[in-house]
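Structures for review follow.
Next come two complexes built around chain A: one with chain B, the other with chain C.
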Partner chain A sequence: MRVGASILLINGYCYQSYSWSYTRPLGSLKKVLSFLDKYEVDEICITRPIKGSDNPSVLANDLRAIRSSSCSSPLSFGGGIRSLASLKNLQQLPVERLHFSNAFFNMNSRLINKVKNQYGKQAIVASVPVKLVNGQLFFYDSPAKNFKILSNKIISYIKDNADEVLIIDTQNEGINNSFNFDILDGIDLPLNKLMITGGIGQKQISFAKELGLISCLIDNRILHRENFMKREL
Partner chain B sequence: MRACKECLYPANHPLGISFLNGKCSGCFTHAEKYSLDWEQRKLLLQEKLKIITEQSKSHYHCVVPVSGDAEDYHTISMVLKLGLNPLVVSVNDYFMNDIGWHNLHNLITFFDLDSYGFNPEISIYKELVRTSMRKYNHALWPSLALKSSFPVHVANQKKIPLIIYGQNQPLEQVGKYSHLDEVEATEWSRVEHDLFGVEIEDLMGSGGHVDPKDHQYYSYPPLKRLGKSKLIGLYLSNYFPWDSLRQNSKVKEFGFIPQIQSSTFDPYERAGNSIYYSFHDLTKLLRCGYRKISDHVAREIRHSRINTDEGKSIISSYASQPVYIKGLFDWLEVTSSGYEWFLTHKLSKAQHLITEDKDINTSFHIKLPDKLQDEISEGRLASQEYVAFMKGISL
Partner chain C sequence: MINILDLGYGNSASIANTLDSIGYPYELISKPAQLHKGVLIIPGVGSILAFNQELSKKNWSKSIKQYAHSGNNVIGICLGFHALTAHSEESNGMKCMGFLGSSVKTIIVDKENKRSNTGWAPFFISKQFLEKAKWNPYFGRSRKQSLQGRVFYNHRYGVIASENTFIPISEREKYASLMIKGNFMGIQFHPEKSQEFGRSILEFIL
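Entry: the complex of A and B
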């Protein structure tokens, strides 16, 4: 199982997210990537947390920051890629995979097929921010800025089109050892296609290994401890 | 410029900042101080210390980096109350005045501590200060680099498993983490926060004339070596409700001497430093857009000793306070034409704040709100600046 880091990027600067409701500053993308590299993470997921509509100049700043960074760990990127037009901006981005949320929730086959043709299916990750309320799973609809029921139809579409699926526990992100594994009971997807993030700590990583998940992305905490990967895992 | 509606911190704070409904991350993290169970957090710390110190083979339980600041007195008193045997480690940055030397030596003797000091080779140090000023308008980089790495080298070499720091500045100032994150000291944090993203290789990239073998202690020990020694750096402010001014106001009883400053009302923080409230304050304004007084005002608003309007008024009162900086250039052996070049090319936007009057400290006072005034002690004026070595106490 891979163990990586998830970071938020807003206007060229990295932030930490807590419970999907507020952010704290983290640091410059350049130094964050450089030290995550040094701490030997298996992968780094860079997400632009776009709630509502995107701002083209902020997107341009974010892409510029990623392009100018130097990092040998595999990078993936997502956030705000909602149209064919926005796909054009991603050319020559030093990332291996792309994350899509809205495109899957809206079953935007034009966009998904374009990405498949351009980059291959192995480059496509469905990023699914969820919350679990009374046994019912809801996904976060970014343009609408609210949670909606995660239907079987959407899950089936994800299954058919994504190479891997990142499940984000929005209620527990930023809180150590708190990822709620009950979420996985409500998602009919093969475990060996699932990545998880949101409240990932040592206990979650051990359990995820037992379950046979493909990857755990630690939110916020890797830079909070020296030698995090070697000390805590 | 966008600023926090409560503490007035600007959006371009160099440590980073975020906002929620107009309130900054520093303010909403500060609010945790009133809701956390601090007794439980103290127990948590004690458990951690027990585990770490039981594994230690060293005579010392921990290293505590000190420079004689008021906060060092508070930190040491806490460390001793926790039952630890510390080795205090200091770095001579050659910027201390007579008050600074007194405060450092008095700290060591008052608490009867074992100490370890480092005096960097002065010509290399001066060259690095000049380079840092030229490249980054920052005179403190070499001092910060040494102070944030040398104690780590010492702990590593002497197999001491723990370093204890007082406050976590990014948490206290801009709320970069929750107290519950229990963030520890890391090389990333050192580079990102203490050294504003600049490493020795960046500084020496061009313009510096120093052999790399001469700057070992300006760099952090290699990660692999730290991994083997399992060295951990803990911040006390994650486990105790931190209130710098109140804590610092109490350390006079240990013999600490506050210093009268012309650029702030706070006579405790960085008392004994020849450039912190003069050249450094001026270049902080040029780099960040605000002076040190804004840090002190934000802190005091959060602790409810002043309100936002009073904070604005205090910042405005200190905004035009001039500083005397020529002493630094003399100490650096910069020629008068070099000084003029620096004024013209690096400080042109702040020339109105530069004075040739050495005694600027003596004249400026403002009336502070009572709650704040209650925490302020009478300070002393320094009689000698830039003292390379001095016996700070007489036994």
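Entry: the complex of A and C
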């Protein structure tokens, strides 16, 4: 199982997020990536948290920041890739994999097929921010800025088109050892296709390994408690 | 000089960054006329259909053949490796350049579960192996006799290990992690994304 790091990118700077609402600055992307590279984490997931509509100039800034970083660890990127036009901006981006949320929730086959042809299916990760309320699973619809019921139809579409699926526990994000594994009961996807983030700690990593998940991305304690993280990895 | 074939795919930039960090001279090139003597790296992230279309546009196949026959080294990485084989199962089957031999083919790695091989796996390479394969590094800066560490893979299709000199993928012995034939080398993993060990590998083979 891979153990990596999950960071948010907002206008060229990295942040750690708490419970899908609060952010804590971590520094420039270049510095953050250079530290994580030094720790030799298994992978780094960079997400642009777009709530509502995206700003093209901010997207351009963020892509510029990724292009100018020289990271020798596996990188994946997502956030704001909602159309064929936005896909064009990704040329020369030094990432191996791309994360999509909206494209999967809207079952945007035009975009997904274009990515398959251009980057290969191994590059496609479905990123699913979820919350569990009274046993019902909801996904975050970022353009609408609210949570909606995660239907079996969407899950089936994800199953057919994504190489791996990143489940984000939005309620426990940033909180140590709190990822809610009950979420996985509500998602009919093979465990060996699942990556998790949101409240990942040492206990979660051990349990995820037992379950046979493919990756855990540590969202909290990135950089501001470096030694703690180093031990964990 | 190291020539990095730049067809607009992401990992040409990653390879350039890595070469920068270990101090090798390189140039990103997009036309055969720009080729310098030394080494040509063919990176590749994506699907073979789009990649082969880009290669055909500028008749790269002929130029690569001539380049290798003039004593220069050619290294294909990941999809660049697949492009050097004779045929790929990807994109409903596709003829490729065939420089690693007519029997060397690319097939899907996990047909049953349709999953990619994404992650880290152990890798070992020795000078003895390179000598056996008659691979002469152009720069030859590394004085190490062997290297052992872990490398990063991200692929759904893999090259079937053949009569050529090859190192298999750990726990997927049917597939080649690194293969050599004459002046052609194919690498399935991403040395440019395999951190410090990846840099050592590049120094070892360049």
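Definition applied: the second predicted complex is superposed on the first by the 226 of 233 C-alpha atoms of A that agree within 3 Å, B and C clash if a C-alpha of one lies under 4 Å from a C-alpha of the other, contacts with A are read in each partner's own complex, and residues count from 1 in each chain.
As a working rule, contacts are C-beta pairs under 8 Å (C-beta built on N, C-alpha and C of every residue); 3 or more make two chains touch, one makes a residue touch a chain.
What you see is a predicted model; the values in this text were computed from it and never measured.
Peer 1: Applying the touch criterion given at the start, work out whether A:13 contacts chain B, chain C, both or neither, answering first, second, both or neither.
Peer 2: After superposition on chain A, A:13 lies in contact with chain B alone.
Peer 1: Per the contact definition in the header, classify A:117: touching chain B only (first), chain C only (second), both, or neither.
Peer 2: The answer is second: A:117 touches chain C but not chain B.
Peer 1: Of the partners chain B and chain C, which touch A:23 in the superposed model: first, second, both, neither?
Peer 2: The answer is first: A:23 touches chain B but not chain C.
Peer 1: For A:31 in the superposed arrangement: first (chain B), second (chain C), both or neither?
Peer 2: first
Peer 1: Considering only the contact definition stated at the top, list the common interface residues of chain A for chain B and chain C.
Peer 2: Correct list for chain A: none, the interfaces share no residue.
Peer 1: Spell out the part of chain A that touches chain C in their complex, as residue ranges.
Peer 2: 2, 37, 40, 42, 67, 70-75, 90-97, 116-123, 163-164, 190, 192-193, 214
Peer 1: Could you list, by residue number, the parts of chain B that touch chain A in their complex?
Peer 2: Those in contact with chain A are residues 15-18, 20, 25, 28-29, 174-178, 180-189, 191-192, 197, 223, 226-227, 230-233.
Peer 1: Mind pulling up the chain C residues that touch chain A in the complex?
Peer 2: Answer in residue numbers: 8-14, 17-18, 20-21, 45-47, 49-50, 79, 90-91, 113, 115-116, 118-120, 152, 154-156, 190, 192-196, 198-199.
Peer 1: Can you list the chain A residues touching chain B in their complex?
Peer 2: Against chain B, chain A makes touches at 13, 15-16, 18, 22-28, 30-32, 35, 38-39, 174-176, 220-221, 223-227, 230-231.
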